[in-house]
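Chain naming follows the written order as A, B, C, D and E, and within any one chain the residues start at number 1.
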Amino acid sequence: MSSALAVEGIDVFYDASQILFGVDLAMRAGEIVALLGRNGAGKSTTFKAIAGIAPPRRGRVRFGERDLAGLPPHRIARAGIGYVPEDRQVFPEHSVEDNLAIGAKPGPAGQRFWTISTVYEVLPELHRLRARAAGRLSGGEQQMLTIARALMGNPDLLLLDEPTEGLAPVVVERIMALLHRLRTMGMTVLLAEQNMFFCVDVADEIVIIDKGQIVHRDTAERLSQDEEIKRRYLAV
Amino acid sequence: MNLDAFAGCLSSASCLITQTSAGLIIGMLLFLVACGVTLIFGVLGVINFAHGAFYMLGAYLALTAYQLTDSYLAAVLCAAAGVGLFGVAFDRLFMSRVYNSNVLMQLLVCYAFVLILDDAVKMIWGAEFQSMGMPAVFALRPLHVFGGLVPPFYVFLVAVTVAIAIALGGLIERTLFGKIVRAAAVNRQMVSALGINTSLLYASVFGLGALLAGAAGALAAPVRSATPGMGVSILIESFIVTVIGGMGSIAGAFTAAVLLGLVRSFGSIGFPLFTDGLMFGLMVIVLLIRPQGLFARGSA
Amino acid sequence: MTAHLAIADLVKHFGGVVATDHVTLDFPPGSLTAVIGPNGAGKSTLFNLITGRIRPDGGQVLLDGADIAGLAETAIVARGIGRAFQIASLFPSFTVAESLAAAILAHRRQTHRMLTRFPLAAARGRADEVMHLVGLDAHADRLAQHLSHGDQKLLDIALALALDPGVLLLDEPTAGMGRDERWQIIETVHRLWSARRMTMIFIEHDMDIVFKIAQSVRVLKYGRVLAEGTPAEIRDNDEVIAAYLGARYAKAAP
Amino acid sequence: MLALLACVLTLLIASALGSKPLIDTLMRLAIFGLYAVSLNILVGYTGLVSFGHAMFFGFGAYAFGLLMQTGVTSLPAAALASLALSAALALIVGALCIRLADIYFSFLTLAFQMLLHAVILSWVSLTGGDQGLQGGIPRPRFLGINLADPWQVFVVTTVVFFASLLAIRTILQSPFGYALRMVRDNAPRAAALGLPVQRYKLAAFVIAGLFGALAGILMALYVSGAYPNFAFWTLSGEGMFMIMLGGIGVFLGPVLGAAIFLLLNDTVTRFTEYNGMVMGVVLLVVVLGLRQGLLDVVMARLRPR
Amino acid sequence: MVDSGFGRPVFGSPGRRSVLKAGLVAGATLSMPFVARGASKQPIRIGQPSILSGRLAQLGISSRNAAQMVVDAFNAAGGLDGRTIELISRDSKGKPDEAARVVRELINNDGCQIILDSEASSGAFAVQEVVRETGTLCIHADSETTSLTADPKIRAPNAFRCARQVLHDSIVGGSYAAGIAKAQGLKRWMTCSPDYVYGRDSSSEFLDYLKMFEPSVEAVGATWPKLFAPDYTENVTRILETKPQALYSALYSGDLVSFIDQGNLYGLFDQVKFFAINMADYTTLHAVKKLPAGIYSCNRYLSTFPATKSNAEWSAAYDKRYNVLPLNWAWQNALAMQFLVEAIKKTGSDDGKVLAGALRGMTVESPFGAKGTVTMRAEDQTIVDYAIGWGVTIPQAPFVEGMQAADWTVIAARETEWKKQKGWA
C-alpha cells in the first residue's frame, strides 16, 4: 500500500473570507484518520479542498506521487479519491441503483473490485431499496447510499464528511460496522466528525481542527483520555 | 374573428381530422427544434438563442448534401452531424466562457452568433431562397383517413419525430448517459466529484441539442424554402413551446408543441388574422399562472 | 421582568421536515444571549421566522407583547428588529457611507424621494455616527465589495444598527475569520451592546466567545430547545455535552 | 447645470458646422441614447433584465403618431397623452411581470412585447399594419416652434434629450435611485432593511417605460411615422447591445454604447452588406474579451481601491 | 462637476466627458467625407436605399444589379458631357427607420442629388417622408402599394414610382380570372395571401374586380399565413376544408415556394385552380422543384413576355453579367434608371426640379412596355403601359405559356373609376 495523502499548508478562501489557515494533514495507506472539530471549524472545507471543489489558494495536496491541488474534481476523483459530502447529496430523482451506476468507474489502477453486486453484498439494504427514488430514502439510508456510491468509483482513499450527522444511534452503529469492515478490506479513510465517541471507536488517529487550523493530533485511545483537550476543543 | 367557421369545423369530422392532423404536424416540427432548446436549458441552464440559427444551418447543409448525393437520408445525417459538431465547437469555444456569467452575457453571445451565422449563410449559399424539393420516395398522393387528408411525407415526419422523442426520452431516462445528464442538471459539482468530466458532458449535451436543431432543419427542408434569417420565426415559436411546456422538460415540450400546433390549426379557422397573437397570449397566460411551465422538470 | 422579545410555541415545517419544533424562548430587555447548537439545529431558521423572511406554521413571536408572527418582513423591520447575516449581506457597489445612508433612508421611508440628492443631510450625519460606532470611519468611501472580510461583517452589523433597532439579531458574526479578527469583531459587538443596552441575540460556534460575552445561552438541537441558562450552567449540562459529543456514546465514555 | 451647458454646446457646435449629416447623427444618437439609458434604468440600476423594452418605444411612437393623425391639434398635448398612456401600459405590464423572478421576468416581458407587435401587425385599420403609420405626422406649430423645420426638430430633440438625461440622472441620484440600486445589489437585504422591494421594481419599470416611450415619440417625429419593428424584439436586443457596449455601471455608458452602435452600423453599412457579421464579431469581442462595457472598464481602472 | 455626496464623482468626470466628445468628433468626421470633394466634373450621384441583407436580400441585389447595368451603359457612352453617374447602393436591412436614415445619409452625406428607392413598401413610405422634407428627386422602383402615388395625402411632387401596382395587377387579374371562371364554371373562390397590407390589398382588390367582371362568383373564405411563415399546413388544410373551386394567392418568393411544396403534399393543386399572381418570376419558378402544371400566374418578369427581341436580349445580357436570371425588381429598376438617364440627357441637367419636370409625362422605349413604350403618367407620377399578362405554368422552360396581354384602356378606365370612389381623383 503505497498511496498516502499529504495535505501541506493549504489556505482556502470563500471569496474574501479565509476558512483554512495553513492546514497540514498526513496519513498512511490503510489508515482511518478522523478530523474532529466543532461546527464551522473547517472540516468540510478541508474535504472540499482535497476533492477539488474548493481549490486551495496556497499549499499542496499530495496523493501518492502527484500534487492534486488545483485539478478539477473529476481528475481528483479519477486519481482515486472518493468523496462523500456532508449533506449527502444523493441525486434525489434517481433510483438507488441509478445513483450507484452514476458513481461506477474503475479505480486509478484499473481495479473493479466494487461493483453493484459487491456493494449490495456489503450493504444488503440498498439491494432491497434499489428501485426507490433516493430522495425518498431516510437519512441513514441516504448516508449508506452516498458511501456506496463513492465506493463504486473504486477509490484508494475515501473522504467521509460527518457520516453520522443527524442519524439515529442505531444507524450510527451500522455505519460504524461498515467502517470496520472497510478497514479490514484495507481501505484508507479520512473521516470528519463532531462525534468524539464515534471517532474513538473507528479511527486509528484523531486530528483536531479548530478555527481553520490543526491544533492537535494523537491516537484515538490517548485522546479519549485527555479531558483538557476534549473540553477545550470539542465540548462546550 | 370567424366563430361560425370555427363552430362549423368543430362539428365536421373531416375538418376535425384534417385540422387535428395539421396541428400534430405543425407541433412535431416545432417540437424538433424546441426539444434542443429545452434539453440545453434543462441541463446547462443556458437559453440558447442561437438555436434558430442552428436550424437554418441544418437546412442549408441538408440542401447541399442532397444536391451532392441525391440521397435524402445522407442529407439528414449530414446536417445533423454537421450542426452537432458545430454545436460542440460553439459550446467549447464560446458558450462555456459565459456559463458562470449572467443571462445577459449568454444572450449576447448567442445574439452575436445569430448575426454572424445569418451573414455567413448568405456568403456561402447566397441571398436567394432555395428549395430542396420533395425526394422521390415521398412524392406520393395524400392518404385519406376518415375523410381527412394526410400526406405520406408528414406521416414520415411525425413518425420520425415521435421516434426521436421516444429515443430522446429513452436516452435521458434509461441510459447511463441520460442518468448522468439528469444528475448533472441537478448537481453538477457532485457529478464532477464522482469522476465525470462535466465540461465534456456539457459540450456533448450542447452538441446533441444542436444536432436535433440540424436534423429539424434537414427534415423540414423538403417543404420549407431556405433563406438567410429563416431561423428567427422558428426560434420564437420554439421558445413559446419551451416556456409553456416548462423549461427543461422533454415531455412538456412535446405536449406544448402539440398544443401550439392545435392552436395554430384551429386558430386559423376561428381567428385567421391573429394566430400569432393567440400564441403569445397563451405564453403570457401560462407565465402568469404557472411561470415554471406546465411540466416543470418532468422527465428531463 | 417582561420579555422584550418572546417566542411561543413556534413551529415551522419544510416539506416533511420539522425545522422548528414548538420552540418557546424569551429574551429580556437589554439582554445579550447566545444561541448555539449543531448544524441543522434550526438556529438560522429561528432568525428567519423572527424577522418575517419566512412565515411560521404556528405559534407566536411577541415583540413588547404584540404578536408579529406572519407580518411582512418590512413591517417587522419597521418595529425595530435589525439583523446581520452569517455571510455578510451587503450592497457590493455601495461605499460604506452610501450603504449606511441608504439603510437609514429605507428605514425612515424616505427612499421614495426622487428629486432630492442622495443622501439627505440627516441620513448622512446618522451614517457617520454608525460608522464611528463600529469603527469603519476610515473606510467610509470604499466600496463594500472591496472591504476585507472582517470589515464586511462589521458593515453588515452596521447596516442593522443603522435602523436603531431595539432587538439585534447576529447570525455567526465571526464566521470565516481568523483568530485575531474574531476577537476584534466580538469586542465591537460587546461594546455596542454595553453602550446601547439593546436586546442582542447572536448565533455562535466559537465557545470561547460564547462563554466570554454571553449573559445567557440557549441550546437548540433538531429544532427543539435543548437547554437554556447561564454560560456556567450550560457548560456543566450533561445533556448539552452529550449533544455535542454524541448522545449514545456519552454514557459509555470513560 | 452641466446638462444645460452640454445641451447649449451641442446646439452651438451643430449650428456652427451647419452640417445636416451631423444633425441627423446627433438626433439618432439622442433618440437611441435616451432609449438605451431608459433600458439601463432597469438592467443596470434595478437589476431587471427586460427583453421587451422596445414595447414602450413602439407604443410611444404609435400612440403619438396616431393621436397627431387623428386630430389632436396640440403637439405637446399629444406627447403628454402618449406618455400617460405608456405609463399606464407600463404599470399594468410591470405589475404582472415583476411578480416573476429572473429569466421568467425576462420571458414575460418578451411575450408582452411580441403580443403588442402582433396587435400592431393585425390591427391594420388603426396602425397601417406592416407598412406603419403612413402619410407623415402633422406638426402644427406650438409656442412659436415649427417642427416642420428640421433644424427646430433637432433643437427640440436635443433639449428633450438633455432634459431627460438630467431628469433620469436626478432620479438615479436621489434616495429613490439608491433604493433601486439596493434592489439590484441585494434585494433580500434591502427587504431586511425595510424596503418594499416589489413597489420599487414596479416604479422603476414605469419610469423606464416612460422614458422609453419618450424616445419612441422623438423617433416618430424624426422619421415622421411609426413602424412595427419599433416594437419588435430585435430593437430590444439592440438596446441590450448598446448598454453592454458602453457599460451598464456608468450613467452615460448607454449613451456611449448607442453612439458606438450607430457609428459602427452607419460606417459598416457604407462598406459592406455583411453588417451582421461585423456587428456580431464586435459583440463577441466585447462580451468575451472585455466582459463588460467600455466605460465600465474605464471606471474600473480609474477607481482607487 | 457634480458629486454624489461622498466625494465620488459620478456624472461628467473628465474621463467620460472626453470619451463622449471624442465619439462625437469621430462621428462628425466619419460623416463628412464629401467636404473634401472636388468640384469639377463631379459625377451625378444617385443614392439607392435597398434591402441587401436578411430574408429579402435578393430584392435589393437584383435591384442594384439592374440599375448598375444602365448606369454603366450611360457612363460608357460618355455620360453627360463627361460627367458620369455614380450609383451608391446601401443596405437598410428592411427596416423602415433604417431606410429613412440611409436616405438622409445618402442625400446629406454622400451628396446624392437623386434617390432611386429600391425598398419594399414599408421602407418606401419612410423614404417618401424623407424626400418630402428634403425635396430630393426620388423614384420608387419596388413598392407596389397603390396609395404611395395614388393617395393625394401621401404623394409628393418630387417623388415618382416606376413599379407595377397592386391595383393594375388586380384589374388585369380580375378580368383574366373572370374569363376562366366563366369558361370553367368556377364559382367558389378562396384567397390565401400573406397577412400584411400588400397581401390584404391584393386579395380584396382582386376579388372586387373578379366579381365585377364575373358577378356569379362568390368568395367562400380566406386564410392568412403570416409573412415568412415557415409552415403553411394549417392554411392548406383550411383550404381543403372549405373546398373552393379556385384559389387566389399573393404569396411570393420563398413563401410561395414553401406553400406550393406543402400544398403539393396534400394534392391541393389537383383539387383547385390556383391563381398565384407572383408565380412567374424566375427564382420562384426555378426554386419549385416540381412545378405543378396549370398554375395561373401574372408575369413578374419573363424573358418571353413581351415576346420581343429587345426583352430577350436584355434578359440575356443580365444573365451573362450576373450569372442569374433577372427578377421583377430588376426590370423595374432598370426602367427607373432609364427614365432618369433619359431625363438627364434630355435636359442636360442634374437638378431635381428640372428632371422632375422632364419626367412628368415622359415616354421611353422599353422592352418592358406593353407596346414597346412605357409612360410616366403626369397626373400621379406613376408608370403605365408596362407589360402585364397572365398565362399558365408548365414544368419546364419557358415555364409559362399562353400569355394573354392586358388591355391598358380597360385598366385606365377602371383605375379612374376606382380613384373617384376613393375620392382621390
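Note that in this section a contact is a pair of C-beta atoms (placed from the backbone, for glycine too) under 8 Å apart; a residue touches a chain by one contact, two chains touch by 3 or more.
Worth saying up front: this structure is predicted, and the values here are computed from it rather than measured.
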Steps needed, at fewest, to go from chain B to chain E via touching chains: 1
Chain separated most widely from chain C, comparing mean CA positions: E
More contacts between chains, A-B or C-D: C-D
Taking each chain's C-alpha mean as its centre, the one farthest from chain D: A
Separation of mean Cα positions, chain D and chain A [Å, integer]: 56
Where chain A and chain B are represented by their mean Cα positions, the distance between them in whole Å: 44
Distance from the mean Cα position of chain C to that of chain A, given in whole angstrom: 33
Set of chain D residues in contact with two or more other chains: 121-122, 173, 274-276
Junction residues of chain B, two or more chains touched: 118-119, 122, 273, 276
For the chain D and chain B complex, residues of the former touching the latter: 43, 49, 51, 96, 99-100, 102-104, 106-108, 110-112, 114-115, 118-119, 121-122, 233, 237, 240-241, 244, 274-277, 279-281, 283-284, 287-288, 291
Of chain E, residues touching chain B in the complex: 52-55, 57-58, 61, 195, 221-224, 226, 228-231, 233-238, 240-241, 253-255, 257-258, 261-262, 264-267, 283, 287-290, 324
Contact footprint of chain A on chain B as seen in their complex: 176, 179-180, 182-183, 186-187, 189-199
Partner chain C, residues of chain A touching it in the complex: 14-19, 21, 38-41, 86, 162, 164-166, 169, 172, 194-198, 200-201, 211-212, 224-225, 230, 234-236
In the complex, chain B residues that touch chain E: 5, 9, 12, 14-15, 18-19, 21-23, 25-26, 29, 118-119, 122, 127-134, 139, 141-142, 149, 151-154, 220, 222-230, 233-234, 264-265, 267-269, 272-273, 275-276
